[in-house]
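When the chains are written out, they are named A, B, C, D, E and F in that same order, and each has its own residue count from 1.
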């Protein structure tokens, strides 16, 4: 059946109870506090990308444990010279992807937004390349494939604790740049990038806006029952073999569940969902949407899979950002 | 076997004889003459796409039979005001795709090139939408799927005669714009877009440069034996049923074979090919490359399928354009 | 799950509301009036098919807009000489198929029925070949693949308006033949042919009988949610890209929905449905069946896919025709 | 690669050595002698199939071990009354199929040939049903699936010894019917039916003609290396597990290899082959063709899979039969 | 959706009515009585398997109709010398498998249990080889594939009547061995082996324990609606063609339905079920479990397919056997 | 085509040149020297696995960088008490697998061999579970999936440097056990386990015997061109995106290529290869086999895929071990 999940009428009413650990807030407060305690600030180095309408900077900023995280920073040409503060968007990338090259990120700066693209630690060999290792002291370069179960036996060692901390710290890095107006920062992403934007909106609740497309990393227990696709299937595959560790695993996942982050977010948000999406099933998206605590709207694409609204969603996002952040 | 065709050593030496009709040149000379005889010129209407670094125009230009063909025209912001002639790139789109929205075409104008994106008649419902019907007097809107066999019983009625004529006329349209330096026009595209760029380079031999990525529409007879994927498989499917029409079909196809267009091209060209490409098998690409009559080079991506070099190829193309057209 | 849709118990009770435009009857009355206003009559030319037990005629009859539609007409050998009027069956063909050769249509004439097989305009390269272009003034020969979205932006230009008009005019053509008893004409077909038989039964409500096997073209909105197979998936693919045109598309489809035709039919009908059919899901068939306004029965094949009852259904059909039309 | 095997040029030259046991002729002579020694003759019982242009008889004839084999016998209506001897075709059925219903076999009688359709012992539940058990004294009704390895440990117990004997005895049965001209009998079939027709042509070398379409059961050793499809894959699956029995198995298969039967045939033959056939790879068909000892021709369908020439091949067959058997 | 069937909550409550023929008990009482009436006893021949910790015997015992059924008998090294009676397990094999080699069956004897592995008549070429023909007087060796529909037209000729009788007689054979304590015999198996263990537990209700993993052969009518995999799909494929035999088939199947055997069993049982199992859908397992009349428990593996609990289930089984049979 | 690679005749002659770095020996000598310099010895702790015929020990031994590597050690029951030195086999596990439970490793101890099963660092969630993290100081537990590209940018950080060092150290650990005769130690494994056995045979050239089944990790450059399956496809996927790193990657892989290890091995070896294996293509196996410097033989399974010879190969291995190690 092309519909990958419930009918739209059921989805509109679907708000399952959260599976939230008692120390969720403490866990993240401590994690962020430790990360921010590391010394060092984001470094922005001018980069010649062969482009004339945007200025490009190669970025390194401190993420989880102060690890150096790569990124690109793009502003409209002349912005540095003009010195006027711009609204900004921090962008996160889908599963397997890295920051690739600056010319891959032209949409938002061309629309006038300072844009910080965060590389994805330890990924970046799945659909576009990246440059940030997971553990800078160890051997784990960007590599193919699979981080869904890395360190999953304990929430403290789980990969997504590190990556979501990077996501929050990327907001810090963007806000610290003199061209960025810190009151007009949005977080954005699709799929894993949408899950990270949701996490960042929960962890840095004073960001102004959030673009959350077909988000991944939400409502894990249902996702594993419903999604027949990767990357959720990495967890199914793991639990198929590690049969003794089912509840231990869900305990870890509850700390990184977008549904729980959503309940703490305050930014005005534009979600999107696709009803034929079997990668990020619509019920998991609506679960996060219904728990989202800020102003919110959602674009529903009835005949799309995980690609979602693509260029049409981008059109809606440009209008949303203009309304929400000004231009 | 992941390699979809011959080994690279064999490909480097593969230059099959052309299957070329005696009246190939006459057929196309007449076709272009008739198309250019239609009255009317390209119309460029300013369009608000929500972008600040590029100016956007909605284009309608006369194609085959003078049919109105849609497109987008993008130049760096301020270009109109500055009035300086720019190098330009005419871009063609892959099978099933249409012009979509202006924000989908930011790479080349962001690098300083006036860019004319040609919509694809009668396609535009396969991977990005379009707005140009095949026959403006009839009911054939952009529709899904399949134009490979439309009108194939006669070269005069075959769909690709119309589309390749549009491609040549798009060069005319770009050159007629006051911001475009007519001596520094390139044609570009990937897959079907690469096949159209090759056709345009053959039909308008004084274009300055050509970017021809993983081109489709080349060396049909081998393509049907080797490619197990669509769209070449549309022809296999047709001939599976229309068993009496095999030679009639290849006779038509010989008029639109990129190998024959290649032999007439003079522009400096950068090709690309992927050795695991089963959509546009590498032997069909090398057949065109080896018959290409202009200066040429080719990027070989050994572990890629039809996606080819993507962002890496874009990086090479920006450098090639800077060398070839100036900036 | 092998069951492609609801359980049989649910299907037996499934009678969804019709999605019917207010001007449905006017639309079709005007369409048929215009078609019948074209001059010219069916032409039946004797054809040597190498057969001895049936006589064969090559048929051309005026369809939508008077377009020449091809067909075959077969009667038991000696019928022309005997001059006795026979019961007749007008047969329509499944998606992608054309009239092929006379020896492909032996069942009904061998059972004593005059048989008119209607070629399918613009199809006929998908599973058996055909000879009728969609637009006789343009380049659209029988071609592979895809007519589901041709002209779908407006009910007046939509492909199935033309094809359903052809289907009604085929009944006119059969009735005009001197060997055919116009009071004993049945319409018949499977899949798309079943959808056309249903349309013909609605548009020409005084036909005597209808054989409607695993019909296509019914209850579109559900079909797109339930069927994971082509050809309904052509529409899903179209709407996946043409995201702005969802309701426009369903507005067009409502004019050709077999559920609406069913409500106007009066012929005694034998339907069939297969419970593991994912091409024409059983709920869409039962929707049409339950709205069908004439006497009716339905053969249910619990373990079949879209092939339905095949030879067993043929056995039931011969018995049904003998009961309903006499022999 | 769509081509499932060698190029046509290589196929035209492909005539591998036969893998033929020394006692091949003795084995079959003894087998047929024993079968013909069983008492009893074919019984033809009139059957009402609801048809008017052909007369139908339900047939039971003695096959291997005198086992009762079912079939249908069809002649043009009036033939019995006229009493004139007719040319005849004995037809064999593809893998998994049975005799189904008389109305499934109208082509040949409609063209004027007495037609004996042989049911397939122990098959008949795969694509059309049958009624003949493999062992009439045991429990093996027509069943799904798989006879390729039944009894393969010894040529005497191998299933195809029984079935090929039935095929030869079906010719005896047809010739014994008073309406059949025993000098004008053809054998015919596609796939397994083609392999059986080839076997019958070898075992009953005085049949007048043979129609051998995309034959199965030929050149087994290569077939197992080349075909990635069932039913040859049943043997691969068997040998994957029964690793100790590889040579024992090929020893058995050499007794039923169509290449060896071909070398003994004398009937004028029309073969067909499809170059994209992965079920019966073209090299296995050409191996049989090149060893075929009678007059022969072959239809080559370059863009077809195992469906072969279908209606086009039927058209060629009707012409071939008219030339070879008269009408 | 990865879940192949109902949610666990629904499964826990799923106890459908049994589809049980009135003469079920009589049918099986007669069948076993006839089987036990055949003369002859199990023969145990010492066999050198190259092992030092277990003693191996090649077994032949009389099954249905007294047919010689092969097997292996393994006991811990020294058991014969010690002469002490051991608890024993009779093991049945999954669909397509045979007894293979003794070193494939080390788990249970290594844990101290006398183990009788029953070969599977007429199977044994699907995933591990076997040596027992279905009909010792005929040609049906172990062969690939398919026994699901062999003789299904009548419960008396149905394959599984023979195989389930063999399973009961294997218990008789084990109990007759002097090293086996007849009061401490368990039956065991997975998939088909689980269905046979269930049948044996019903037919020989005084066995002490049963290990029934992801059992096959249960609740056939639902299985055919729910399972999209082989071997249940053999029956769907059969009924797809043998459309007239649906109820006849289910009538036969009701005599071998594990749900009916379960209602007669008395042994303490450990079941297992996997919630993503599409081969033996969990609803069919729970149907049997809920009707099982003895003491029982069930291991639920939420993220497994038909492989079930594998080594984890083995760990639970060793503990269960130690508790239930002693050691 | 079922044959996944060259014909057997070509394979028998296939001995490609080695792609071997100049410092291969130095690289490994240094690596092993450093590993052996770490303090600590293997620890063997008695473990109750519920078995009576074998004694089981839970093992921890120092691997690469002295990291604690888990394993199982099994000997025939009574061996400890008897105190006689036994021949031993060190066993490595296929890709994705871990040591699982002791009852999964009964074959070799049941045949009289002391058996050390080495857990696989950082794997163990793919087909059977494991307990050894890749980096004991970091967060990388056994996780699903993918280690093929972990650290591949440098041979010193590459994952397989660590794992192959573990493999060599496992031999040291086994030899140090008082029940093991250090002159009669074999290394063994299938797939990745076969690649590790080959590496261990090259790195510890005085082991007595090697069982190398369908080995992985050999002749990488060809493997990536030929294998369409995982895990080699992990590298293709990586290079598809990391297009700038092709030669860097092959430079790393040359240090872990089984072909190079083979040239240094001296143990008597029994290889196996399967001709329809697309996971470890036969040409890559024969490349290693032909370069293998010790006495050698190879079992060829013509109709098997990556499962290879299974129980039949085990039978050959028991005979080979008895001949080579004594018993």
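Note that in this section contacts are C-beta pairs under 8 Å (C-beta built on N, C-alpha and C of every residue); 3 or more make two chains touch, one makes a residue touch a chain.
Quantities reported herein were computed from a predicted structural model and do not represent experimental measurements.
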*Would you mind checking the shortest number of contact hops between subunit D and subunit F?*
1
_Smallest number of contact steps required from subunit A to reach subunit D_ = 2
_Set of chains adjacent to subunit B and to subunit E_ = A, C, D, F
_Given that subunit A and subunit C are copies of one sequence and touch, is their interface built from the same residue numbers on both sides (over half shared) or different ones?_
different
_A-E against C-D, pair bridged by the larger set of C-beta contacts_ = C-D
*How many Å are there between the centre of subunit D and the centre of subunit E, using C-alpha atoms for each centre?*
39
*Could you put a whole-Å number on the gap between the CA centroids of subunit E and subunit F?*
36
*Centre-of-Cα separation between subunit D and subunit B, whole angstrom*: 51
_Touching two or more other chains - residue numbers and ranges from subunit E_ = 128-129, 243
*Any two chains that touch count here, so list every such pair.*
A-B, A-C, A-E, A-F, B-C, B-D, B-F, C-D, C-E, D-E, D-F, E-F
_Complex contacts: residues of subunit E adjacent to subunit A_ = 1-3, 7, 276, 301-305, 307, 309, 312
*Given the complex with subunit B, which residues does subunit F contribute to the contact?*
224-228, 233, 236, 239-240, 243-244, 246
*Quick one: in the complex, what on subunit D touches subunit E?*
124-129, 135, 138-146, 148-154, 157-159, 234, 237-238, 241-243
_In the complex with subunit E, residue positions of subunit F that touch it_ = 50-54, 76-77, 100-101, 103-104, 106-107, 109-112, 128-129, 310-311, 314-315, 318-319, 322, 327
